[in-house]
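In the two complexes that follow, chain A is the common piece, with chain B as its partner first and chain C second.
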Partner chain A sequence: MELLKWLSESAGASGDENKISDFIAGEVTRYCDKVFKDNMGNLYCFKQGTAENAKTIMLAAHTDEVGLIISSVTDDGFLKFRTVGGIDESVLLAKRVRIGENKMLGVTGVKAVHLSTTEEREKKISCADMYIDIGATNKQEALKLVKIGDYATFDTEFEKIGSLLKGKAFDDRLGCFILINLLKKAHKNSVWYCFTVQEELGLRGAAVVSRRIKADAAVAVECTTCLDLPGVDKDKTSTVVGLGPALTIVDGATYTNTLIRTKLKEAADKFQYKNLAAGGNDAGAIHLNNIKTAAVSIPARYIHSPVCVVDEADVEECIKMLDKFLDTEEF
Partner chain B sequence: MNYNLINELCTCYGASGRENKITNIIKQKMEPLCVKCEVDSFGNLFCWKTNGQNLLNVVIDAHTDTVGLSVKEVCENGFLKFSPVGGVDPRVLSGAEVTVHAKKEVLGVITSKPPHLMDEADKKKSPKFEDMFIDTGIKNAEQVISVGDIVTYRQRLDKMGESITGTYLDDRACCSAIIEVFEKIKDKDLPFNLIASFSVQEELGLLGAKAQNLNPDVVIALDVTHGQTPDEKSDLVFPCAKGTAVGFGPSLDKNLYEIITDCAKKYGLDYQTEVIEASSGTNAWGYQIKAKPAVCAVLSLPIKFMHTPVETASVKDYDNLVELTLCVLENMKGDQLESIVKDKILR
Partner chain C sequence: MLDMLCQIPCACGNEETIKKYIKTKTDGYEDSIGNFIVSKNDGQKKLMIFCGIDEDTLTAMSIDGKKVYVTHQGTQKLPLGSLVSFGGYTGVLQAKDAAKPDKDLYVDMLTGGFENIGAAGIVCAEYTTEENVIFTKDAAEKIAVCAMLECIDLKTDYDASFVFGVQSKNNNKGAIVATREIEPDFVLSFEKTKSEGLTYKAVGKGFVISSAAKEKIERICDKLDIEIKPEADSEQPSCVQALGAPNTVVVGIPVRFFDEIRQACDIKYKDIIKKIIKAFLEEGK
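Take a look at the complex of A and B:
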């Protein structure tokens, strides 16, 4: 749990993943046969298989998360920002964020509801209307505390919520967590555990990784959308929390490989299929390099918001499934 | 600023109509500083510094209640439908953390739809109360949570540069300021009875102030006003770190305004004038309409992002509010007061 807490609470928006990948390298190097990092920030960890004619499987999880980047400072000391990765504005108002290396506290805002016209209240708020307050009263004061180009991430504590877990950046630090757990043990197949960058900007790290290394099969280990709220039709939830890891048949970026998906299914005690063909993940970049690719995801409510909710049991089932899958023969 | 004090008050539960806990905490702090502390049948707490006969009664008031949410329906899998208590902005709720005050305190988060699953209509729509749930992650939530339970933003206060940011500065910051004033004025003899009023249900329409039967001669309401932000620079808002906003307008007493502003000038304390042409939206408005009308003033602390989980104020402004209130009380002369509160007998 301590490991997952660190992974969830640490800041690493797309383009700022170094601290995350360095930490992971520190955790895993002693278990691996080969470890290196490329100049983009992707971390590659190889573990030799035990079988005589071991095949090679790639598991990919991305280290980056969605966040904000400071774009300018107003004369009265407020910060303007843009989103890094897909964040809907509706979750951005009145949130606490941590900015830059020094984790400066800031809060996002617009003028109070009392001062807004009906039209302003009804209209969807846009990022351009918002700003971050850091308590500075002018530009100079603000620039002593932050720099243009500093990243900001949500200030969310990792903790239990009811019988579930709440935190930020589960997408995809949960995937990283799963890979870290798997690589402590050797499997029949050789495995490249790849911690990719810039997934949220369009699967960019995975595109590099899957060209650089040779693999017979690949699985993107992810977090995915989950809308299992009251009143939502059963076939429109995408996934349901607690029903096990979700296998993707098809999404916005990949038609997953039937053989690999079947092998994953056979390795699972409990699983579900993602029921909406929306979104995309590293599998979309990997499979274009002629690697048989599938994707397995942890259902995460409110993904890309300051507070994601997942079931620890789904994570455990996913680790069990992949542990068995890495010993699979004949694919 | 007594940070521990303001932190304790801002992080204490007490949405409108559920002020018992915060009232008790304040009462405990006020008792050593007062000759009498009483809670009336409506829930308002009155604390008398002195209770002398034939002296005018001067009240300084702050409200103890806060905005919140209330549970409307307990759905399956720990989801709750809710409605607002007081003026809550639905736009700030998605992705917020809340505390459900049920049989025990329960953590909740307010739901949102991920951008991946939004259609064109969703992308243009501003969040509405009816589209959101509170997710508690509790499987059998109905065993713990009931319809009518009150929900607050998850209570929290932090220092942020020269500011503080967090929940319920409205109006706990002013409750805290009054306690600090009473601590500082403890040993000083005043030519009037000073009474602190910690009133309830302000956010529901100044109900505590309207229901009180204290009938004081003078009321100085301490409340919050809007701080200036880049998107609002009209004269409805006040730049932070520039001092207390002193109300001026038809429902407020001109002479009392002058006593306050003269005092600020004399002692070099920053202030700004807030023109209030109709209701001040503060308890001064509620207190005034009684058989014996109270002479009223409003002192306001400018805060940004009012009624959100990140209400933000300047520490300097808070200290200024404490000093200005203290200064006014210490310098207000008995005969000065007599002249402004007396009925004018014409025949």
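Take a look at the complex of A and C:
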């Protein structure tokens, strides 16, 4: 869990993934036949398969998380920002964030309830109306501590709550964690473990990776939406925590390949289907480069927010499923 | 052949049945997404002739007793109360809120026992012909596919690929994959249009026809005495952006009842399309 804790708590918003991929490269190089990065920052790790007629499989997990970017500084020393990736702006209020190389602590301010009007409280606030307070009293002081263009990510501690795990950036550091666990072992098939970048900005890294790598099959390993909460209709939950890794049939970006999806299902002891056709992931870019592609995801409540919740058992089931899948002989 | 094509089911993402029929007419191969491709020659210039073969589809996402919750691939109006077939299991299309007939769709199965999450369902809609008109799902595309099959053995100097494209109802994914793989110099494609009379796509969202493509289609149609006009309607769904090759001609085949589950199309367009395909193939220099 130390590895997952590091991955979850570390900062790496889209466009700022280097630290994450450098750490991963350091962790995995001794297990791989080839490790390199491309100009965009995608990390490629290759392991030759043990079988004579080994096929080539690509597993993809993205290293970036949703976050914020500092766009300007007010004369009073407050930081203005924009979102990086899809975030519902209502989750941004009154949060702790860490900014830049020095992990400067800041808070996203909100007017005290005593001072706001009913109209103000009912209006949805956009990030254009918000600011980050780093305790600076003027612009000059603020600019000694942070720079315009610095990224900010949520400051959330990774920990267990009951039987579940809580943290930030499970989307998709959980996918990275799963890939790192898998590549420590040899498999019959040759595998490209691809740690992609800028997924949250439109699957950009995966588009580059899948033009470079020729594979017989690919699986995007992700985190996905989960709305298994009181009052939600069963057909609207997307996924359910604790029912195993979720296979995508169709989402907003991909109609997954039936054969690959079937092979994943056959390799699973426990799985579920994602029941909503919303969202998308790296599979959306990969399959367009003539690679049979499927997606498997860990259900995560409150995804793309400062704190998400997953079931550790779902992660373990996913690792077991993919471990078996990587030894599949027929594609 | 046209009668057969109009009666064979062809769900988006699950086009096996119609491909099985096409394979009885010609040899080819499938790419990773399932496009069926017939390649001819090793010419210097590459020509891709493309048409989508799939229809609007309801994919089973979850099951609750006899209710199968579905997601709709495509843009046609699917009438509530329609019979939906999942190949052996049948049900009636419903919406959770009848006042919002395109949201929260489910199929109320006639019998129990259906368990196939991921299965593709299609609306049962009768195929009819009357005089020179066919009335069927994706009528224009059926006519184009028939024309392509009847032209497959024509001689050409092009490195020609006839692509029977899949997932046209899923944002034209098949077209994207085919173009990236084949890298054609020229694409000739067919789809339905609302306009009266034959058209070619001149302008669309993020697309303008190249001058070479415009010149070619106008010259060929002029030589064949075929009336064709440019279409600049950016609101109609089209495969034009998905194709994205340097020179792309998308010919619009006029239909009536454009948005309904079935359209009416004049059979005369089959011979017209065949003439255009033949002329393109003959130009393969």
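Everything that follows uses one rule, which is that the second predicted complex is superposed on the first by the 331 of 331 C-alpha atoms of A that agree within 3 Å, B and C clash if a C-alpha of one lies under 4 Å from a C-alpha of the other, contacts with A are read in each partner's own complex, and residues count from 1 in each chain.
Here is the rule we go by: a residue touches a chain if its C-beta (ideal position, glycine included) is under 8 Å from a C-beta of that chain, and two chains touch if they have at least 3 such contacts.
Fair warning: this is a prediction, and the values are worked out from it, not measured in the lab.
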Quick one: on chain A, after the overlay, do chain B and chain C clash, or do they fit? Just give me the call. fit
Of the two partners chain B and chain C, indicate the one touching more residues belonging to chain A. B
From the CA centre of chain A, what is the angle out to the CA centres of chain B and chain C, nearest 10°? 130
Counting only touches as set out at the top, which of chain B and chain C does A:234 meet: first, second, both, neither? second
Quick check for you: in the superposed arrangement, does A:102 touch first (chain B), second (chain C), both or neither? neither
Contacts of A:140 with chain B and chain C, given as first, second, both or neither: neither
So in the superposed three-chain picture, is A:87 touching just chain B, just chain C, both, or none of them (first/second/both/neither)? first
Touching A:276, do we find chain B (first), chain C (second), both, or neither? both
Go through the superposed model and pick first if A:76 touches only chain B, second if only chain C, both, or neither. first
Pick one for A:126: touches chain B only (first), chain C only (second), both, or neither. neither
Once you lay one complex on the other using chain A, what is the shortest C-alpha distance from chain B to chain C, in Å? 12
Residue overlap on chain A between the chain B interface and the chain C interface 276
For chain B, which residues count as touching chain A in their complex? 75-79, 87, 89, 91-92, 94-97, 106-109, 111-118, 123-127, 133, 135-139, 141, 158, 160-163, 165, 226, 228-232, 236-237, 239-241, 304-310, 312, 314
Chain C residues within the chain A interface of the complex: 12-14, 31-33, 59, 61-62, 64, 67, 69, 71, 73, 106, 117-118, 167, 170, 173, 176-177, 180-181
Sites on chain A touched by chain B in the complex: 74, 76, 78, 86-88, 90-96, 105-115, 121-125, 129, 131, 133-137, 141, 145, 156, 159-164, 166, 225, 227-230, 238, 276, 278-279, 301-307, 309
Inside the complex, what are the residues of chain A that reach chain C? 234-235, 249-250, 254-255, 257-258, 261, 273-277, 287-292
